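Next, two complexes with chain A in common: one pairs it with chain B, the other with chain C.
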Partner chain A sequence: MHIPDGFLNIETVVVTNTISISTLGYSAHKIKKVISPERIPLMGILTAFIFTIQLISFPVAGGTSVHLIGTILVFYLTGPFSTIIIISSALLFQALLFQHGGILTFGANIFNMGIIPVLWGILLRRWKLTGAVLSAFLGSITGAFFCGLELYISKTISNFSGIYMMILAHIPEGIIESFFTFIVIKLIYKIKPEICKIEKV
Partner chain B sequence: MQFIILLEIAILLTSGFLYGHGINYRITSGKGVVIEASYDDGEPMAYSEVKIYPPDEEEIFQQGIMDRNGKFIFFPDTRGEWKIIVNDGMGHGFIKKIKITEKYQLKEKAYSIPVYQKIISGVGIIGLIFTIIYILLTRKKGENAHS
Partner chain C sequence: MRHHYIDRFSKNGSPVSKIKPEFKILLLLVILILILFNKLYLNLSLLFLLYPTLLLSYVPVIYFLTRLLVITPFIFLVILIQYINHDLSVINIFNLVLRSFTSAGYVIIFVLTTPFTGLMEFFRKVKIPSIFIHLFSFLYRYFFIIIEEYEKMERAYRMRKRRKIFSELKILFLITGFLLIRSYERAERVFKAMLMRGYKV
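And now, the complex of A and B:
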């Protein structure tokens, strides 16, 4: 789901970067007030974790590959604003170090893999673990839809069926993401619940 | 803190065992320039779209799809920096610029970095940066407490 540079037209680049950089700035402003140095190691580890799981893909039917996103897991460990910072940091490192994703498409990648799942997280978090499972699945599918839509608008994929293909390819990924999120959050809630300090919106 | 250290060890251990499936490519030249692209498990990027742009030109020199083995060949007719775009139509692909010499040969072969190298170096760099941030913030907090 990492869109490389050159795959989006200028209009899509401008719109997605405007939305994502504004959200990133707002998130940085919000966590600046509440962040304590003790949270930095956790944020660093979660950034490294997201960096890693997004580089490891697995094949799905149709000859393509998908990877876990991890946004909802981070959301339930930190909260919406820290999640945006962590996901953006991981995407930035991937783009700068290995051209995995792009610099101009940085905003689109934050939007698809950060903002969209976080919005589902905010919407569904009142249902705790059930909300985590649902938002992990829906975040993946909706993120894939927007990724496909951006590529379609930019004429990188020539017909609308490409978007359906992207959504279909991400259904197994969404199921694995939900299962993985459920297991990890349940485990952390059981052994170290105090680590989960979710920020209020 | 112990929990965080355990989590970090778990991430590092898991990253070594998990199966990679990103994109690998190799660009070499014989009589023509050969592009080979595959996912990390060796599965070829079969039938992916390829666009070739000549130096300093907006117009496409050659456009086509890779064969079922994820291979594509083209014959450059001028020296300079050529641009290759490979796109599987699902948001995966790469853009690579290559240099062609006067004899229409590739100046140097191009390879992608294996995924495990990316993970090891990336995790190391992220760890270093966040450690520096942590040290700076705790020192600042300590200075504020003293004053």
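And now, the complex of A and C:
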């Protein structure tokens, strides 16, 4: 789902970057009020963790592989604003250091893999672990939908049905993502609940 | 233990590595924006300029090409979608490959030849919120911690007996969860040591 540079047209790049950079600025403004020394190692390690797990591919059937996104996991450990900041930092460095994603498509990638899953997380968080599983799945699928839509608007894919194919290709990812989120959140709640430092903003 | 130096060509004495980081980043942004305009003659000229830039950066050609391959899965996905839709146009795919490879090529050369500290200095100069600077520097520091922990756990995982895909995934995700917990504990120790040495948030 990491869109590289060269796949989107100028209009899509401008719109997605405007939305994402405004959201990022707002999140940074909110976080500034609650930032404390205890949060820094958690946010730092989560950024490095997301950076790493998105680079590791898991094999699925048919010789294909998928990678995790981890947004909902971070959301349940830190809260929405920290999540946006952590995911964007990881995405920027993936684009810079490993060409996983792009520089001008940075806004589109934050939107698909950061903002959209976080919105699902906010909507479903009242159902705790079930909400986490659902939002991880729906976040991946909706992210894939927007990824397809951005490619369609940019005329990289010429047919609207390409968006459905994009969603279809990401269903295994959504299932694996929700399974991963369930296992890891359950493990952390059981073994090290003090890791959870939800922001109070 | 293997070390992953992500800015390994930044001090190779090449003409490109001697250019000031801020100038290099601005030049990179200009190139990426020019590619965004999608003019064939412009993109072809930038592609032809990529080769002398690569030679002047002293980055080995094979290493450069392997890094460039990272974006191919996304190109294949678009080709597959277009093929299924019976809308595969050779010219469009050529254009897409040209744009994406040229963009990624310049990013690889410019980032590999820029020290990480130079990137940080640039971010400070453009006054991005300080939380990002903290996270970027922690990402660089903690990335190595995570990779070290990952390598240890992966070695232990390889020794175990293979099971069915579902239980295999469950074990993989539990390992990933433990990786996060172990890395967090190490990161906390690292951060406390940094605070003792006078680091300020």
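As a working rule, the second predicted complex is superposed on the first by the 190 of 201 C-alpha atoms of A that agree within 3 Å, B and C clash if a C-alpha of one lies under 4 Å from a C-alpha of the other, contacts with A are read in each partner's own complex, and residues count from 1 in each chain.
Quick note on the criterion: a residue touches a chain if its C-beta (ideal position, glycine included) is under 8 Å from a C-beta of that chain, and two chains touch if they have at least 3 such contacts.
Just so it is clear, the structure is predicted and the values come from calculations on it, not from any experiment.
> Once chain A from each complex is brought into register, does chain C clash with chain B or fit beside it?
Superposition check on chain A flags a clash between chain B and chain C.
> In the superposed arrangement, does A:Leu104 touch chain B (first), chain C (second), both or neither?
second
> Which holds for A:Ala95: it touches chain B only (first), chain C only (second), both, or neither?
second
> Check whether A:Ser135 is in contact with chain B, with chain C, with both or with neither, and answer first, second, both or neither.
neither
> Check the contacts made with chain A and report whether chain B or chain C touches more of its residues.
If we count touched residues of chain A for both partners, the winner is C.
> Using the touch definition from the top, say if A:Ala169 reaches chain B (first), chain C (second), both or neither.
both
> Now for A:Thr16: first (chain B), second (chain C), both, or neither, which partner does it touch?
A:Thr16 sits against neither chain B nor chain C.
> With the two structures laid over each other on chain A, which partner does A:Phe179 touch: chain B (first), chain C (second), both, or neither?
A:Phe179: touches chain C, not chain B.
> Quick check on the superposed pair: does A:Ile3 touch chain B, chain C, both, or neither? Answer first, second, both or neither.
Both partners.
> Can you list the residues of chain A that meet both chain B and chain C?
Looking at chain A, the two contact sets intersect at 2-7, 37, 40-45, 47-49, 51-52, 58, 89-90, 93, 97-100, 151, 156-158, 162, 165-166, 169, 191-192, 195.
> Would you tell me which residues of chain A are touching chain C in their complex?
Touching chain C: residues 2-7, 9-10, 13, 25, 28-29, 31-32, 35-37, 40-49, 51-53, 58, 61, 85-86, 89-90, 93, 95-100, 102-104, 151, 156-159, 161-162, 165-166, 169, 176, 179-180, 183-184, 187-188, 191-192, 195 of chain A.
> For the complex, give me every residue of chain A touching chain B.
Its residues touching chain B are 1-7, 37, 40-45, 47-49, 51-52, 55-59, 62-65, 67, 89-90, 93-94, 97-100, 147-148, 151, 156-158, 162, 165-166, 169, 191-192, 195.
> Note which residues of chain C are touching chain A in the complex, please.
My answer: residues 6, 28-29, 32-33, 35-38, 67-68, 70-71, 74, 77-78, 80-82, 84-85, 87, 89, 92, 96, 98-104, 107-108, 111, 119, 129, 131-132, 134-136, 138-139, 141-143, 145-147, 150, 165, 169-170, 172-174, 176-181, 183-184, 187-188, 190-191, 195, 201.
> So in the complex, which bits of chain B are touching chain A?
Where chain B meets chain A, its residues are 1, 3-4, 7-8, 11, 15, 18-22, 39-41, 43, 45-47, 85, 87-95, 113, 115, 118-119, 121-123, 125-127, 129-131, 133-134, 137-138, 141.
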